[in-house]
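The two complexes that follow have chain A in common; it is paired with chain B in the first and with chain C in the second.
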Partner chain A sequence: MNTTGRRTRLRGRPDLHTSYAQELTLFDTRAKRVAVAGLLVVALALPFLLTDEVLQLLAVCCVAAIGAIGLGLVTGYAGQVSLGHAFFLAVGAYTAAVISGDPDGRVIGFGITNIAVWLPAAGLLAGLAGVLVAPLATRLRGLYLAIVTLGLVFIGQHVFSEWSALTGGAGVGRPAATLEFFGQPIAATGPLGTRDQKLYWLMLLLLLGFALAAANLARSKVGRAFTAIRDRDIAAGVIGVNLARYKTIAFAVSSAYAGCAGALLYTITGFFDPSSFSLLLSVQYIAMVLIGGAGTISGAIAGAFFITLLPRFTRELQAWVPFLSAQPNEVPNVFQVETILYGVLLIVFLIFEPRGLFGIWVRVRNYWKAWPFSY
Partner chain B sequence: MTELVESLLRGLGTGSVYALLALGFVIVYKATRVISFAQPAFMLAGAVLVTYLAGPLGFWVAVPVAAVLTAGLALGVERVAVRPMVGRPAFVVAIITLGVDVAVRVVVNGFIGLDVRHVGDPWGLRTVTIPGTGIDLQQRHLAALLATTVLIGGMFAFFRYTRMGLAMRAAAYDQEAALAMGVSVGAVFALSWGLAGGLAAVAGTFAAAGASVDAALWLIALTALPVIILGGLDSLPGAVVGGLAVGTIQELTATYQQHAPWLGGNVSVITPYVLMLLVLLVRPYGLFGTREVERV
Partner chain C sequence: MTEPSAETVPPEIPAATEAAATTTSSAGTPAGVGPAGTIAVRVRDRALATPDAVAMRGKDRGIWQEVTWAGYWDTVQTVAHGLLALGVQPGDRVAIHAENRREWLIADVATVALRAMTVGLYPTNPPPEVGYLLSHSGARVLVAEDQEQVDKALEVIDDCPDLERIVYLEPRGIRHRYRHPALLGWDELLALGAEHRAAEPEAVAARMAAATADDVATLIYTSGTTGPAKGAMLTVANVDFAIRVLVDGGGFTDPPPGPSDLLLSYLPLCHVAERIFTTWFNAGAGVQVAFAESIDTVQANLREVQPSILFGVPRIWEKILAGVTIRLANASAVKRWNARIWLGVADRIAGTLVRNGGRHTAGTRLAYGIGWLFCYRALRVRIGMRRVRYAASGAAPIAPDVLRFFMGIGVPMHEVYGMTENTAVATGNRPGRVRLGTVGEPHPGVELRIDEQTGEILTRHGGVFAGYYRDPAATEAAVDADGWLRTGDVGEWVDGTYVRITDRAKDIMITAGGKNVAPSEIENALKASPYVKEAILVGDRRPYLTALVGIELETVGEWAQRRGLAYTTYRDLAEKPEVRALVETLVAAVNAGRAPVEQVKRFALLPKELDHDDGELTATQKVRRAAVADRFAELIDDLYTRRSARSGAGEVGAMGGAAESGARAGAGEPGAGAAG
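Right, the complex of A and B next:
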């Protein structure tokens, strides 16, 4: 039997694996390879088709997807419910902002604006924060852990809003990290394209890198240990998975992803203040993971795009529903509808399609696979 | 000395609000093995209902009516969003209640609007002086403490002496065995949510007494989460003791935090969470919680 993989596959038999390597391949069927390549080409070509405003939104989606993949690793793959994602986003955002900040400015800054420095640093520091939290995570299970991580968000919010030398203080904020790569400003209109076009490409490429890394992690020994812990932690311990070690790894990696996402997120808008990192942000990321489909990378990406684009859609909704107001001080307004939708969508998905958007896709695919028969 | 005793008494006042909320959490947890993150929304809903009802009905009628209405709301939520999820992992149901909380709170905030709304309590910020000592005690804290004592007494009597209370205890102990003995576990679920909703409404009213109802009131309800972790998720006495302890420590921090200015203002807001982290490092199941025994 040939163990090198693809060539021994039978056409039209996607589920027939003749070697272990085949089972582990990321894009195992030709249809999948073609679809991913096609999607990538479309995604790369989008800047020529869409307006800058939409591109900026899509760039935010890409960054949110990085964060959601991170939460997906710890909650979806390793099964540890974390409501503390907003805290790790904050750690990353502030690390990046401090490293690249203006040394003579109102807030702390070291003036190293190279993205090749501050992005890894943000990931590293947030990952360290994750390792510090992990001892609690290895001692606690289920809902206890959820509440403790929720406490983390509140403690973090207090520290960040009081430490005004770092954060600029509540309601004031500070500028985000500067996007610059070895002397080349990225976020500036130039011969290569407008600011938003370049932002979008950058974030898309970063998302691609982070997503591939996560997918590779998930199919490695570490990823298998994560799923074993999620499915039954005692059984995992019995077959020799070191629970403390792998839970720590899960938290570290997830927090590092969150840190990178936090660092990048606010470069798009350019400014942020400590009140952004509230419980609602954590809930949004939980919603991304669960609505997209827990335990899948593509699901986390889909969920992130869905949740991030949701405000845009509710704003469009206003044209159709005349009694909705676009003013935040009138009732009912689109912002309320938006927040209600987060809650209601969470409930609806968990009750009717627990596998999320990914599950809907699987259903659609299976329907057409057997068409015209029902199974 | 006076300062210390006064802040202790204030702490017992706020602590009794936490105790009521925590009791709701624990009752729901014992019956359904789920932490209901929807409690903050019920608390806010209850307080807002009181602000609307206190005008036409008067405060003393408005509070029980609001409690009953909030209990009804909680029953509805349980029936629509939680009952279909029986048998699913606890964390999934917890996230659903989180969704309920977010959605319900937006609707309730809509009813607060931009006006300052008062619950119309008869106490305001007036104080009574304990004779002979010169210690001032706010009437609203005294009232909260009394109301909590009465409610908790009633609750414990209910669990101890009534058939339904016995059924709830049985269901909390072992759902399947209770079902086999003829206990309607569905009714137990519904009643526990209703009780939690009613308690949350009363707690909300006392939390807003002497101040106004605004959207930030729900943060008080979240403080009940460290309380139940502190006391142990499945312990009713733990909820009461934890609530009073957290309230007292919070008020003591508020009184003495000027001696540690580097902690920043309002550090008392996060003391419950810090306390929770410290206790969990030593006792992972809280002070009175049952240790989970895993059988394979």
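Right, the complex of A and C next:
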């Protein structure tokens, strides 16, 4: 009996899988394809609808999403809690800045301003750093791993604030990488659009690429090994998953994502100093993953947007709540509200919706999926 | 409905062979090899015409593996050569003891290609029955599915002198462990076949060319509710007649089934009904067949396959209905409320459909269209009937309420009637001409009459079987000299052309008061409730009617849970006074509107589930009344002797939920009973 192994599915019978390829398809139903395409069209059209200021914020969101996806891979998919994400962001940011920096400036720089060079290099070097850290992860798990990666942040912070030839020193900083593609400045106001419009498009497309790559990784053998390790590392080892190998891959890929995100993040503002890479940054990324929904790509993206847009929302809040002040030296002020809101949201999500924003979506979807039954 | 082929059957021809000769000449099979288009010829022609189209699907490690017509036919040839190498001669019997799967059809078609007879065994048959069937049929080769079936065969192999080879499909647990000389793996058979095919490539084709209309294609053992199973011989001509009437002629579906239709095969293939839908719809019309993983996964497989043609026995429809009822009862408030509204609308739509013979009016179409958005579409997707364009119930009587439910939610439901001995060709409700409570109109080319004295239904056509295997006495009793087959069912004409079945002739009860009662109607009214799995009426030569009721563990268990009733086993649950009260309301609802002699005066709950292994059910899950009466004699005696408060005619409406379901079971009361 020779079988056909048809890869396309039968019309109108979404559950009739005739090959494994069908079950692994990223956008398997027409509804999903239509929704993603619609979302993409809206996202690409946004620069014509929003002000530059908002677009810049959205560009930051896109970059943060790349970083969050990276953390999602190691923490959400492979279950290795890492508080060291800020360190990898820093490695990426400094690698890119050094490569594209001015050779004659006061800080180290090689003057290679091509994004095609510094972006991969940032990812590569951060990934290498991840590989160096990975042996820790293969020996430790859970809380212990979190503590050890926490140490990484402090070591990093110390090195970066002391090594002023590289970073410009604490409180001073250095210019970020230059956005240029083979001599062509990418983000510069011109006849095609303003700097922020182009910036947004660039970051959106990069996010799209990184997200698709991560989704593809997650549905591959590697991704399945990640989830097996997350669900029970001993069981995964017993069924033949090489723990050391896949934990290393998880850290390498995650750090590479962080490196790229770090390299891109500060090109938007153009300048950064070593105090940015504190524990708070790591916690922020953890929050993105948790609030968005651990173990999902779209959740990480949603979480990144949510956390990055939160300060903006609290500032808008001021218009509605008159006793809030916009001055940091008055009480109560929006920055305090922001911090409180931040903590409250984390607590609320962890208690009531541990699967994050994605969990809410899953719940809504399941409600209609089971219609007219409840299960 | 025009039916050109039907006119070619001369009604006055009594002998099956002559009728077959006429039928086949007009059948117009593409490549008329020999006088008859056997199913092997049909499969070969499909493989030549559409080699890459999908013939069937079987689920293997979570994937529906597709088999093309070319692949199907190629394997059939190899297997046929393998059987040739094993020495299978024309007229030999090849038994198949497996769940529905691809190899079942392949072995069947290969056997027919060799002019041998296929004998199907029910997977649930216990060893003694396997021994009886194998020795009675004198099967030379047995195709057994797995270790379980091989064990059964090996247990009785000494009583089956004709059995030479046991071909097993699943090597797990057999290979390298069993050393019996008769054992042969399926892959070994294929290798044997490939070798034989290389040596004599034309051997199978030569056999096929020699096929005649009188060749017996299959032995179908009737389930035997009363005595040992009898093997009905269906000839090539019978099968061809059935395919022409039911498949090519569109005897069931309109338009006729075709290669774009999908079908789920899940009922035992040794039963004539599933054989029609699976093997003959497949070979005859090119319908794509998907094999369910097992009878327990039918609902999940239905959801995946979403077949366009669906046949079920009443038990299946009742079970799906019970599942819907329970899941709706457990849904959240909004969903429950939504479902109540739209199922109410569905009931009204069904009422109109019933009055109109199954055709929509503009009003019902509009109501259905709105309901489709809110409920019916999703509901049909969940129960796997989104794409069903023709659904049929047969093989046993069904309560009209159950059919009404499915008609209401938009599943075009048709009750059909036939039996093994007439190749299941007798009557059917035609699309657009449905009459609820009847089994429809005789198919074109079918002669059907009702005996004036006994009320027994008689049929005569090209599908009447060639006789019981090795049992001429029984054959003589079943078919008279003029070729009329006595069906053993008592029925009557309704509106001139429709047939209503009262009951099996031998099941009709005469109470001590001299009243004739047809038990199946009352039993089915009871079984229409989701809480009742079995209902067996007692009352023959008794002063009044009583019933043995078996509860449905799943639904009653759920019902008990919702009320916080703790229970341990089936027996414990059945003995709860609350459950008794629930059944009491159901019985009272069924009694309402019936003449006193037709009311169930008392009932008892069965302390266990009826089982094939205990001999209480046949392989087709039909109740063996004698065995049940014997086993539960004490229980029945109690119903007629003890004067206790445990009377069946309790008050209705003691409990909210019970009253609700009771009302549903009581709604649409089937007509007032049997002839008295």
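Miscellaneous remarks
One rule holds in what follows: the second predicted complex is superposed on the first by the 349 of 375 C-alpha atoms of A that agree within 3 Å, B and C clash if a C-alpha of one lies under 4 Å from a C-alpha of the other, contacts with A are read in each partner's own complex, and residues count from 1 in each chain.
Basically, contacts are C-beta pairs under 8 Å (C-beta built on N, C-alpha and C of every residue); 3 or more make two chains touch, one makes a residue touch a chain.
For clarity, every value in this text was computed on a predicted model and none was experimentally measured.
Contacts of A:Arg224 after superposition on the shared chain: neither chain B nor chain C is touched.
Once the two complexes are laid over each other on the shared chain, residue contacts for A:Val148 go to chain B alone; chain C is not touched.
When the two complexes are overlaid on their common chain A, residue A:Arg315 makes contact with neither chain B nor chain C. Once the two complexes are laid over each other on the shared chain, residue contacts for A:Arg106 go to neither chain B nor chain C. Looking at the shared chain after the overlay, A:Arg33 reaches neither chain B nor chain C.
By the touch criterion defined above, A:His17 lies against chain C but remains apart from chain B after alignment on the C-alpha atoms of chain A.
Legend: residue contacts after superposition of the two complexes on their common chain; A:Trp371 is shown touching chain C, with no touch to chain B.
Of the two partners chain B and chain C, it is B that touches the larger number of chain A residues. Comparing the two complexes, no residue of chain A contacts chain B in one case and chain C in the other. Across the complex, chain C is touched by residues 1-6, 12-13, 15-20, 23, 370-375 of chain A.
The residues of chain A lying in touch with chain B in their complex are 81, 135-136, 139-144, 146-148, 150-152, 154-155, 158-159, 161-163, 234-235, 238, 279-280, 283, 286-287, 290, 329, 331-332, 336, 339-340, 342-347, 350-351, 354.
Per the touch definition, chain C reaches chain A in the complex via residues 52, 54, 57, 62-68, 70-72, 74-75, 102, 106, 262, 290, 303-306, 327-328, 330-332, 335, 338-339, 342, 375, 378-379, 382, 386-387. Put simply, chain B touches chain A in their complex at residues 34-35, 81, 84-85, 88, 90-92, 94-96, 98-104, 106-107, 109-110, 113-114, 222, 225-226, 229, 233, 263-267, 269-270, 273-274, 276-277, 280-281, 284-285, 292, 294, 296.
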